[in-house]
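This is the structure I want to talk about, given as structure tokens.
Letters are used for the chains, namely A, B and C, taken in the order the chains are written, and counting of residues starts over at 1 for each.
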Amino acid sequence: MAIIITVVVLLVVVTGVQILKIAELRAISQGEKIYEVTEKESKSQAYLLLMFLVYYFGFFAWQVYQWGDKMLPVSASEHGVGIDSLMTVTMSFIIPVFIITHILLFWFAFKYSYSSKRKATFFSHSNKLEMIWTIIPSLALTVLILYGLSNWNKIMTPVAENEEHVLIELVGQQFSWGARYAGEDGKLGRANVNYIEGTNFIGIDASDANSNDDVVVKGEFHLPVNVPVQFVMRSNDVMHSAFMPHFRAQMNCVPGLKTQFNFVPTITTKEMKEITGNEDFEYILLCNKICGAAHYNMQMNIVVESKEDYEKWIASQKTFAAK
Amino acid sequence: MSSITIENINSKAELKRKTAKPLLWIGIVSIIMFFSGWTSAVIVSKGGAPDWLNINLPLAFTYSTVIIVISSLLFHFGLIAIKKDNKNLLKILVLLTLICGISFVVSQFLGWKSLYNNGIVATGSESTNASSYLYLITAFHVLHLLAGIISLIVVSVKSFLGKYNSTNFLGVELSLIYWHFLGALWIYLFFFLKYIA
Amino acid sequence: MSTHHHHQEDFLFKYIFSTDHKMIAKQFMITGFIMGFIGMIMSTLFRLQLGWPGESFWLIDTLMGSWAENGVMAPDKYLSLVTMHGTIMVFFLLTAGLSGTFSNLLIPLQIGARDMASGFLNMLSYWFFFLSSIIMLISLGVEGGAASAGWTIYPPLSALPQAIPGSGLGMTLWLVAMSIFIVSSLLGSLNYIVTILNLRTKGMSMTRLPLTIWAFLLTAIIGVLSFPVLLAAALLLVFDRSFGTSFYLSDIYIGGQVLEHTGGSPILFEHLFWFLGHPEVYIVLLPALGITSEIISTMSRKPIFGYRAMIGSMMAIAFLSFLVWGHHMFVTGMNPFLGAVFTFTTLLIAIPSAVKVFNYLTTLWKGNIIYSPAALFSIGLVSTFISGGVTGLVLGDSALDINVHDTYFVIGHFHIVMGLSAVFGMYAGVYHWFPKMFGRMMNNKLGNLHFWVTIVSTYGVFFPMHFLGLAGVPRRYYTNSEFPLFDNLVDINELISMFAIIAALGQLLFLFNFLYSALRGPKAPKNPWRANSLEWTTPVEHIHGNWYGDIPEVHRWPYDYSKVDENGDYVGGEDFIPQTTPLGENENDGGH
């Protein structure tokens, strides 16, 4: 294999050199300067540029057409709807900008390609124009910033203590997840890497009374639909990131630190199976911060179900004390 | 075959006169950024640690501060002296500065020793971030100071060889700028470590 | 005449320990290109894995040996490749390779100086870079493999060999290499700044500097301010790794035991890293923008539109680049208010960027554009700068970033806006200034072909990545086949990988053209592009000190192209007026 490749490469190089040499000799014999870009050459490149514009837009459209339905389905959380519409607004700003500037770029590039009959216009500055394209983007951006930040602040506000909610701690470790429910008392017991032992893989302190009714699950965790969920994230070893793309939710898990995120799931797994037309659809929690060799396979399923089903499920789980 | 050299190329000395100081200044800026990196790190770390250990700086660090201020003054007079062509005074003052510089290093070592004797260590399970930063920052200041001491040695050797006079004192000036900078840096670090860290 | 011994010495000082900026530029370029090719081959290897996960490839087998049993790379070695690819591309190709080449080549030539402020420091800068490259490459072969924590080397992963084998000796060498690299970069930047500020020829005021020089100046300033902070961050990591401190580490249970480290925080590292990391993006980008400004103006035979606005926006970008680092940390649990501030500053940076784009467009408008390969790549840069820039508005918006952070959307975004733009700028620069470097011309037809293959294939690689990202695919994944969720994305991944192979092969066109032209290309005339700036007044052959006789004096800005008088005739009879031509009567400078 290696020998064949070497031979092929050598042949290609030698041929290339010969072709270039011949082209040069021909040019010299005709009194041309081979390196000079002729008007004709400029023109043909200009046509190619115009064709590229068409191709590029075509490629873009083709991708949207071909893959548009492979994107994430509708948001399965309340705030995610806000994020999606913010995305729509942003896209409907940037796509036209992208298209218009590209048309201008390639049209100018085509139209003003070199002609010995024409003179370029000496036009070196215009305060008015420059003002215009400083101010217009500024205005557009102001709108985007304000809209974005109003969403951001809502998303980042934790669930109020007195509001009905589910409190869940997500713990990342190489290369699996654990989820701990706060249980009846709504309080998570103290936990820390120093208590990790045997099956107590997220390090719960058994001497803390709040721990007793905590429920720890692996592999899959359940959420009640339409009830706010407050997540607390932790990590046992390196950084991980709890990424739940269907809920438009992501928060890093940082060793030595507790981070948090909250959302209200709005679509049950069953409903989502219908929406996506995919019988096997499952919500998923995946790791989105490089954490080691098996980073690509650090997952946990999420089941969103009716409140009743959820309550049945959680009741069937063993509490920490019972284990 | 060798390339053609131009005779009227700006003479080396001329080039040096024009560029040495700005080179040094910008180098100093990068050192400042380096230490601001660490001092900001201290602030971030402290903000995230409720049990931050407040360390009393050893007395030796205060002495160091006094020593380095004195050395800066001495060296400064050295520059004034050579500008007036007073070569002997320069020799004396540079030597004194050098001695001060070395005393500064010694005093820093004494400071570390007394910290160590008080159980404040740089690394390992006994250490805290506060103590690690303290050692690290002061040690890296000393590292930079060693470069200053080398330049002082060069300047003193050259002044004993009579290389400087009232028209040629760029070397003294460069060394002085760096030395002043080290002093100022130390004073900043000292107050930072004392009152903020 | 000269003895044999003398010859050797000559060779040594002319080609190896040269202090001549033109030679150092070439050294930077060649080392940078070699590193770039290595980085590109790495990307081809891991693209093979991503396109056809688990399949055995002869190429992978041959190049990766024991890291790829039966021609399938191991997962942690995949991460090694990604990490080294990112590091090499960002730092070695596009920081040292790009800035090092063109700052060195053009600063003295375009400002009218005999050489850099300090040839010696300049030489040191190159040799540190060389040393750092060698160490980085050696780290590929060590026990446990090269660094594998991503080019951002976030601790604890990068601090703990227990967490991934690449965090052992490989990471140590990475840190050593990068520290040396930083020293190299600082020495270079020092020199660039001082040279530009102090050694300009008579008449070369700051507002007569070509935009390339402004770009190099601002790049160097950013470098001096940000690289030391990376060094500071890296040293703390070194201490955590090897000397038992806990700046970044706390509460870690790994390999069945709890580590002693307490009290540190990885978030601190992120702050320090991105304080360099984001400005680094502009260290990569600004020189490319400077180069294209110059080329677009020259090749469209028109003054650059809004010279002052261009400088102003580069200054604004340089300044703002220090205030936006937090946009890489929106989902680290940072205070939401801080997140809001960083969103604001980030979107602010879009304004000067937009101004630059519109100014490029207006420069092309009513120009008379000659399509050399350099001109094509410059147009390509404007396109990639727009295409990649607009998605920055998505990523910079904290609320939107939640769901695209660390996904392939980011990979698509930064490869286009930073990777492609800078690579295009670099290629443009090489095609344009090749005659200045080698006294020969490159072949235009091959150059054009190279451009077309490159732009089509690289957009083919990076544009679809946005779709992967919007489908939720995380970056730094060894394979996407572990999740049913990503099963329907196989064809996208295959398409990307095929384009990646074409892109890589396409670069061989350049390699061939480059080598052929350097050795055999037609001899260059003094001013092949009929340009105004000073470098084209130097003799074609390289001489110490750049000009025979006195350094020319400068009388005007560098963009007097197609200037006409009242009768509509070219002032001076040609469509360009070199900077050395004195201003005529009633003629204004600076395009006013």
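To be clear about the criterion, contacts are C-beta pairs under 8 Å (C-beta built on N, C-alpha and C of every residue); 3 or more make two chains touch, one makes a residue touch a chain.
Small disclaimer: the values here were computed from a predicted structure and weren't measured.
Taken as a graph of touching chains, this assembly forms an open line, each chain in contact only with its neighbours along the path.
More C-beta pairs touch across the A-C interface than across any other pair of chains.
With centres defined as mean CA coordinates, chain C is found 34 Å away from chain B.
Centre-to-centre spacing of chain A and chain C amounts to 24 Å, using the average Cα coordinate of each chain. Averaged C-alpha coordinates put the centre of chain A at 47 Å from the centre of chain B. Touching two or more other chains at once are residues 263-265, 267 of chain C.
Counting partner chains per residue, chain A shows two or more touched chains at residues 257.
Under the contact definition stated at the top, the residues of chain B that touch 2 or more other chains are 48. Contacts from chain B toward chain C in the complex involve residues 1-6, 8-10, 15, 18-19, 22-23, 26-27, 29-31, 33-38, 40-41, 44-45, 48-49, 51, 122-125, 127-129, 132-133, 136. Chain C contributes residues 2, 10, 14, 114, 117-118, 121, 186, 189-191, 193-195, 197-199, 224-229, 231-233, 235-236, 239, 243-247, 260, 263-265, 267-268, 271-272, 275, 542-545, 547-550 to its touches with chain B in the complex. Those residues of chain A that touch chain C in the complex are listed here as 1-2, 13, 16-17, 20-21, 23-24, 33-37, 41-42, 45-46, 48-49, 52, 55-56, 59-60, 63, 67, 70-72, 80, 82-83, 86-87, 90-91, 93-95, 97-98, 101-102, 104-106, 108-109, 112-115, 118-126, 129-130, 133-134, 137-138, 141, 144-145, 148-149, 151-153, 155-157, 173-174, 192-194, 196, 203, 233, 236-239, 241, 243, 245-246, 248-252, 254-260, 280, 282, 284, 286-297, 299.
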